[in-house]
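Okay, got some structures for you below.
Both of the next two complexes hold subunit A, though its partner changes from subunit B to subunit C.
Up next, the complex of A and B:
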């Protein structure tokens, strides 16, 4: 640690204005404050209370909360691949290695492209590098199918970072969730590579490791199977990669095909616990999303018709499949894009849950609606806050008038 | 007014510094609607140039005889007449394109650029400057349409004017056309990029 500090102290002059490498000043600054607390303190003229939790620490805790899902995603990627090969034994470390090799190029591409753009913009505007991409960079590979081509991931990351974040002023100023914009871009630009029955199970070798699946292999996600079913009387039995029926327990643990990081509700709940205990995320939003989804699930289930096959799903199962839980815990609670008033958080959360299930059930073109629901409510969140604040002002104004009238 | 600004600047200003689309932000709806392919974008641009130039001239000739309180109606009648002529010509000689443009040729009547130029320029200037103003603004509009159409067709369909541009080898290597480019939201983003580039180059256009 001491030698690292010495290294930074020695390197600093050449990065300061006028130094040899001053063009990379914000890069240097970014790494230094990442490793150490900032050198600068507020001036002697006034007193400022600094919280130990600055945005870099916040981001690190969110990344930590994502880790259970990430590691489980590695295991599940391997597990689905082995299952598709017809294996009956699942050696833990080999599965993990395969999953690791399959996902690591995606993480590298996402961080490389995203951070590259962030660094370039920060340097261009002569600002500090902002650390918002720490979380976004790991979220993007986690919410995309494992078979998304790397170049698409790069294009989508670049698009999202530039058009959802930098044009609005960088970290903390974005209106909509950057990772979800990347996914929405992929979803609308390359629909064939982002949905359907070929992309959710890793089919090739991972950097040369493992065995490639036969060409004709297909397996849709449970929600995809339900949306495209032709059976008309009741809920279709969803099947896994090996053709065996999947139970709600499988969906809870997460051993189902799906986007890399979002299959396991169990791991998502562990992440939720970390976020809530450390005070990083709002419990109102999380609870709101789950309640909203449950309520809408009950309504759709009560009025189930064969026209919309997903409406046969019991309400509580709606919460287990697809990206619903992941969106509730990690996407909806993003403090920058969510509503900020307490009442607003309830409205925001509940509406996300309602809309997610609404899209999922009543639009057969979109088997999953969580992404679109969160994006839509991101846009609405300031409006919700505005209404809540105005209602509060009106209420207090009325009270004031009543009081002054009584005093007269 | 015609004496104050030279004919040259009346003609050339709308190309960039006073562009109707990216500076005055007029006519955005048709830019979003007709630019999924390059060919309809060009045809649409030419139609707007023709309608704008001739309606500017006609209104400019009539400008001293039009009673102020019914001037909008007169302008609309002139524009509508010209739009019908253009639409009939297109149907006669370029049927396929007119099919693609469908309702948007008719909607030139409601294009904000037209009413804007008639009100702001033709009502107060002589016919020749008005003609130049109409052609200039029409070309300014067409430039943006062509740029947007170029990128949308190239990235969205891999073609230009219907000819395959992106080689088959790219597709074999895993390249896929961007479906979002075909959808109108992307046109908005391409226009935004043009505005971004233009304002970065012209400092005096940047809002404080």
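Up next, the complex of A and C:
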């Protein structure tokens, strides 16, 4: 470590203002503070000791919590591909390798584009590089279909980082979730390519590995199948890639077609456990989303009508399919874009759950509503907090009025 | 009366005074630093070479010339130090003899009572809310909150500062303050308080972790400060000093100082005087290692860095805390550390679960960020204010919202624990101090 530190000490002057590489000062600083805890000490008359927690650790814990979903996504990508090929045997490591090769270009593109823009903005503003994109960068490939073209991913990432984050001031100042903006951008800018039945199962070879599927292969996600069904008075049986019926158990474990990291509710729950035990995410929000979704699911199911085929879905199944669970655990709980007051967190969470199911069931155009629900509530969260804060203000005002009246 | 608080935290820091090692530390010189008294605009009354008695005024407030800072010892003024633009930094007095100023104690009206406190330097030891500044002598406080709880990290217990013999002084002072306030005098104490009820005051027992001993917490839970109201806050040692003045007509400038901290091997309690030199207090102190050290006059949450050489004990004259500075440490990937030596409220550190004492240094342990995590400050403030929103209103200099969110109820020290726990390492106390000063400039 000593030699590494010496290397940094030696390199520092050329990155400082006036140095040859001063244009990369923020990048240098970013790497140095990543490797070595900064020596900055407390001010002369402030708090003299600080808690060991910092935002780097916070972000890394969230990335760790995403890992079960990420690894399962690799397996499932391979699994769905093998299934589509008609395989009957599923060799674990080959599946993982295929999934890994399929996703890694997406992760690289997301981080490369996102971090590149962050570094540039940090340098321009003469600020430290902030670690918010560590989480966003892994989230973007996880919430997109595996067949999303790389250039689209790059465009969406760039759009989201610039227009959802940097224009507002960077990490901590954004109003809506950056990863979801990237996803929404893809959804609305390239609707033909980004929805329907062609993108959710990897069809080509992964960097030359595996066997490409025949042209014209299609398989819709379960929610897509439900939304486009023409059957009438009961829930349509959803089928997997191989045409076999899918059960709720399949959806819970996650062996169904869907966006890369979102399919396994089991792995999402492991992530939720990590987030809650480490105190990184709000249990109020998570529980709120699930309760809201369950409640709305009950209502839609009680008033089920053939006009809206998804309304035949039992309430608890609403929580298993699509991006609902992933949104509840990883998207809604982003502290920057969520409500910040305790009461507000409940309201915010419940409304996300309600709206997600509402959109999913009553808007046949959008088979999934979780993304839009979170984005909408991101925008509304400040308003919710405003109302909660008003209660505190009113309490103070009332005290003053009571006091003034008593004195008169 | 009893208050139970749940929010807050007792920092598990090593280096407290466990022994009964009490030493008398003579102070050859003492210093009075006007910066310790927010709201006090100093105008010096003495010149270098003047002879002063204990209790003679060294400076007064420009706005209220009756409010004095007095000499803690008898002797000779050896320095009137000024900084940039002739700003008064400190007045240093060399101790010699024991001449003292005898104060005239016949006071009838509340105003005359306040004037006595102002003239004897006692008023400067009191703070007022709003603004957490030296009280103005023209306003009678609605209530007076005295804290007999020292809950900040490494503070010694009240019993080592106030003994049974002091009770009559406390009662004398409480009765005197009761004449000044239009409301009541409250004294907060722990369950372990042995002196019993103090006549003239309402006793309030406070249970729970730090900031249980903060006057702001006491006020917030008994009678919060509304717009237009004024309350005074002081600690029980100041109350005893007032009692001493009323009994003997003489200023009591003795100070009981805990010299301690995570870097100190042999902490002890010094019996010395207000404004004593740091060098004298640190004599005989062995540090655990030879790293860079930081000496704080005060505790690790609220205190001022003082130089080992040429520094003086600062208000509130209670403790010196010595800790590692940390600017000579290279820690590889500290953010990923699973070391049990890390002190944290976060459950991601093993240290969180260990019942042990830590030896933290003064590093921020992270980069400064925007406010990202929510609810962190709230968990540290047992008051009915919403700290995040109040802070944002302060940063935006939004006076209307500052008022509506309760800025009159808070002092910087109320945000100290939140500043400690903050993931984003934002200097909250500094922000609040600036906000209070800004508001006072705009409104008074």
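By our rule, the second predicted complex is superposed on the first by the 389 of 408 C-alpha atoms of A that agree within 3 Å, B and C clash if a C-alpha of one lies under 4 Å from a C-alpha of the other, contacts with A are read in each partner's own complex, and residues count from 1 in each chain.
Rule of thumb we're sticking to: a residue touches a chain if its C-beta (ideal position, glycine included) is under 8 Å from a C-beta of that chain, and two chains touch if they have at least 3 such contacts.
None of these values were measured; they are calculated from a predicted model.
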Combined model on subunit A: subunit C and subunit B, fit or clash: fit
So, does A:295 touch the first partner subunit B, the second partner subunit C, both, or neither? neither
Looking at the overlay, does A:399 come into contact with subunit B only (first), subunit C only (second), both, or neither? second
I'd like to know which partner A:190 touches here: subunit B for first, subunit C for second, both or neither. first
Report the partner of subunit A that touches more of its residues: subunit B or subunit C. C
A:116 in the overlay: touching subunit B, subunit C, both, or neither? Say first, second, both or neither. neither
Partner chain in contact with A:149 - subunit B first, subunit C second, else both or neither: first
Could you tell me if A:163 is touching subunit B, subunit C, both of them or neither one (first, second, both, neither)? first
Superposed arrangement (fit on chain A Cα atoms) - minimum subunit B/subunit C Cα distance in Å: 14
Subunit B/subunit C common contact set on subunit A: none
Going by the contact rule set out above, which residues of subunit A touch subunit B in the complex? 149, 151-152, 155, 163, 167, 185, 188-193
Would you tell me which residues of subunit B are touching subunit A in their complex? 174-176, 178-181, 183, 189, 192, 196
Touching residues on subunit C, where the partner in the complex is subunit A: 11, 13, 224, 226-227, 229, 294, 296, 300-305, 321, 323, 325-337, 342-349, 351, 360-375, 378, 384-386, 388-389, 404-406, 416, 419-425, 427, 429-430
Interface with subunit C, subunit A side, in the complex: residues 1, 4-5, 33-58, 60-61, 128, 130, 132, 169-173, 277-280, 282, 335-336, 338-342, 345, 385, 389, 392-393, 395-397, 399-400, 403
